[in-house]
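Both complexes shown next keep chain A, but they swap its partner, so chain B is in the first and chain C is in the second.
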Partner chain A sequence: MTRKLVQALPPLAAFTVLLLLWEAGVRYGFLKPYQFPPVSRIARGFVELSTTGFPTGVSIWSHALTTILRVLQGYGAALALAIPLGLVIGALPVVDKLTAPLIVFCRSVATLSLLPLVIVWFGAGELTKVFLIGYGCFWVMLSNVIAGVRYVDPTLVRAARTFGLKGLELYRSVVLPAALPRIFAGARMALGVGFMVIVGAEMIGTIQGLGALIMEARTFYRSEITIIGMLVIGLIGFAISAGLMALERAMLPWAGDLDRVRR
Partner chain B sequence: MKPLSRLSAASDLTLGLIGAFLAVAAWEISARTGLVDPAIFPSPSLAIRAAAERLTAETVADNLFWSLLRVFSGFLLGALAGAAVGIAAGWYRGFGALARPLIELLRPIPPLAWIPLAIIWFGLGEPSKFFIIFLGAFFPVVTAAYQGMRSIDPMLLKAAQTFGLSGVPLLLRVAVPAAAPDLATGVRIGWGLSFGVLVAAELIAADRGLGYMIINERNTGGSVGVIVVGILLIGALNLITDAAIGAAIKRWIGRWHGA
Partner chain C sequence: MSQSPVMERRSPDTGVGGRGPAEAAFIRIDGARKVFTQRSGGAVPVLDNVDLAIAENEFVSFIGRSGCGKTTLLNMIAGLEDVSAGRIAIAGKVVTGPGQGQGVVFQQHALFPWLTAVDNVAFGFRKSGLAKAERCRRALELLSLVGLDAAAGRYPREMSGGMQQRVSIARALALDPQILLMDEPFGALDELTRIELQQELLRIWEARRKTIVFVTHSISEALTLSDRIVLLASNPGRIKRIFPVDLPRPRLRTDPGFNALYQAIWNELST
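Here is the complex of A and B:
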């Protein structure tokens, strides 16, 4: 514990020095406060954001909640569709081969490039954003579920066969657990994609959500609010990926050293 | 199932082509029969016809050129900087202790979230787009390069040292090639991210490029066909460039790792 603390000291010191230099640079006019809002101003902005909010009445927490809810809706829908579909396609080699190029292409379509089309379909409202997140998450999840099922170690399957397992029972008790680590990795990747898509999608046609907040703040020359918004986005992204990793470790103890094995 | 699994890769491709053909045919038929309103989701043939009417080859080529120029320049510099910083952070302990916390702090921020700040710093012109595409490549590559450096087998370095290698030659001739597979994975991810960021940046703030082409079509109330063709074009471009980069990486890595 103490060793860890000692190790953390130099970077912390360097970071503090950096922030102080930044503050001083603005005070003495080397840096423009609009382009590089100093820490003191960011702190004041944070207080304003969490009390009165920006635009007035919409606090940073409500922006964050809007964004998270949008991501969860699209992500949940994508998972609910992609997991069963992927489990079926992965189990049927012919279907897998028939659909492979299609899935690769759909995955290559840049999710946000669909925005103009989806606006024509659903208008610029909530559904458009949720659809885009769903699209981005769906293909990433689908290809990972299929790969998870397809690339189960054949020795494992053969061993199970010699024990007399076959058909659905083999699939359920051997293939599925072996595929789960990959499926989890896909779920983690998909959430990352969804989070990236939402920030872009919120920059067009809305004033609610973190993506909208940082863009709106820019047009009102409130760069400190932009920076706070970015930090909150980063924080949520970090918390989500750390949380999913912990969940994965708890739920899949047999997949512990997946990373080491792959290497 | 059994005889199928013995068939060659050529038949896999045939099956794939059949599948793709079926999908396109289903799309075409659903629009033709009025199952889907062609005004909001035109069939491939209608979309291509609309695009051919409204766009000249020159316009498309010009937008394509700008998109490619942006994404390649941003990606190339981002990947180079990411590799340099990641390798240095993995090799020089002091530099790593300083650079890593800063990188870890900024890494969870998606590149698109940098768009407003990029505009504040660099204005609405090309540099702000370049900057976020740069970031799209930088973070995956820097992370992968660092991880690659940290997971080098120490025996390899010790063996090289007994042959008299040390310092920079040891880094460049043994450590970097050993870290190359991880680095390559990062480069591949970085390309995908750079490309996605490019499209988003062109949608949000640009006056040329493929992303601008489709959002402009929608803002001026143009044809949905043009938008559909634009989306397919961007998708195809992503697919082709990704495959090209994958092949280039394979050749480059193959020099050290027999894959």
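Here is the complex of A and C:
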């Protein structure tokens, strides 16, 4: 424990020195505050955001909540569709071969390039934002579910076949559990994509949400607010991702290598 | 682990199974061929015209260079791989798939990583119609047969390679198969564990009267265990020579007969 603390000291010190230099740089006019807002400014911005709000009346908490709800809706819908669909496609090699090019294509289309089209379809309301997030998450999740099912160790399938399992039962009791780690990994990747899309998705037709906050701040040259929005998005993504990992550990105690792989 | 020596099962004069031409073969392989079609479209002949008759309760080992087709032949007997030409029959019935009395211990680790040791073994009873409690009881029994009762609750990743291999053997025994097909089951083990497991296997073979087809790269392992040793040649895989092992069990490496056979197989293998 103490050892860990001692180990953490040098980088912490370096970081503090950097922040102090930054602060000094702005104070003595080497750096422009609207380009490189110093810590003091960010702190003041945060106080403003959590009390009066920016734009006035919309606090950082309300921005964050809006964004979380949008991401969860899009992400949840994407998972709810991609998991069953992926399980079916993965089970049918012919269908997999037929759909593979389409899936790769759709996954490669940058989600935000769809923005104008989606606005034409759904207007500039909630649905557009949730749709864009969902689109990004869906293809990533789908390709991971399919890959998870397709690349199950054939020896495991053979072992099950020697005990008379076939068809649906084989799929349910061997292919599915064997694919779970990959499915979970896909869920984490898809979440990442959801947060990548959020700023763009909230660019239009709203003043609510962290993406909107960041764009709004840009208009007023309030760079410190952009940075706060960025930090909060990062923190939320981190928290949800950690939750997913905890869920994964609880549900797949046998996989167990997660920690070692990650560090 | 049993330390008791394994007694000679058959008196030498009755003839060790499968060698008499008239003796009914339990597993009969007639002109079996295997051709794999490559992704490029080309066809690779992997096994060419294999004829072999294995008697009931016989212990036969396959030995041969890496890639000569031992696993492929074993999988074909297991019904997990089609025969390109020829036929394989068990007790007179052509093999069309698994579940004709074949239990398999695979070359690679084939335990289900999401199941504990006892559940892996119990998996073998899935289609048996037994009640869950009964399946679990029998699985524990099999685990203690291979000396692993203490590790029943562990996941495969929490067990050493040797323990995993024993669980695989216990699982293969679940449906009390007449035939046990074992693909280098002791390949990755240290010498001591390997010898212990060999004794264990002979004990099971004794007690449960099984026909065993055993793949190994170790001449002395084959000599310690088998009634007959089938030497395969490669490109394409075919039977090069069959060595009957007429030594009393337990077999000792110091036995001159053991050494003479070892030398003979070594010579045949290396030419």
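Operating definition for what follows: the second predicted complex is superposed on the first by the 257 of 263 C-alpha atoms of A that agree within 3 Å, B and C clash if a C-alpha of one lies under 4 Å from a C-alpha of the other, contacts with A are read in each partner's own complex, and residues count from 1 in each chain.
The criterion applied here is as follows: a residue touches a chain if its C-beta (ideal position, glycine included) is under 8 Å from a C-beta of that chain, and two chains touch if they have at least 3 such contacts.
Since the model is a prediction, treat every value here as computed from it, not as a measurement.
Based on the superposed arrangement, let me know which partner A:Leu98 touches: chain B (first), chain C (second), both, or neither?
A:Leu98 contacts chain B only, not chain C.
Touch check for A:Leu247: first (chain B), second (chain C), both, or neither?
A:Leu247 sits against neither chain B nor chain C.
Examine A:Leu165 and indicate which partner it touches, taking first as chain B and second as chain C; both and neither are also allowed.
Second partner only.
Just checking: does A:Ser173 make contact with chain B only, chain C only, both, or neither of them? Give me first, second, both or neither.
A:Ser173 contacts chain C only, not chain B.
By the touch definition at the top of the document, which applies to A:Pro116: first (chain B), second (chain C), both, or neither?
A:Pro116 sits against chain B, while chain C stays out of touch.
In the superposed arrangement, does chain B or chain C reach more residues of chain A?
B
So, does A:Ile214 touch the first partner chain B, the second partner chain C, both, or neither?
Only chain B is touched by A:Ile214; chain C is not.
Just to be sure I follow: which residues of chain A are touched by chain B in one complex and then by chain C in the other one?
Touching chain B in the first complex and chain C in the second, no residue of chain A appears in both lists.
Contact residues on chain A for chain B in the complex?
Spelled out, the residues of chain A in touch with chain B are 7, 10-12, 14-15, 34-35, 93-94, 97-102, 104-106, 108-117, 119-121, 195-196, 199-200, 203-204, 210-211, 214-215, 217-218, 223, 226-227, 229-231, 233-235, 237-238, 241, 263.
List the residues on chain C that touch chain A in their complex, please.
75, 78, 80, 97-99, 102-104, 106, 108-115, 123-124, 126-127, 155-157, 171-172, 174-175
Which chain A residues qualify as touching chain C in the complex?
My answer: residues 153, 155-156, 158-165, 173-174, 177-178, 180, 252-257.
Would you tell me which residues of chain B are touching chain A in their complex?
Answer in residue numbers: 1, 4-5, 12, 15-20, 22-23, 40-41, 97-98, 100-102, 105-117, 119-121, 151, 195-196, 199-200, 203-204, 210-211, 214-215, 217-218, 224, 227-228, 230-232, 234-236, 238-239, 242.
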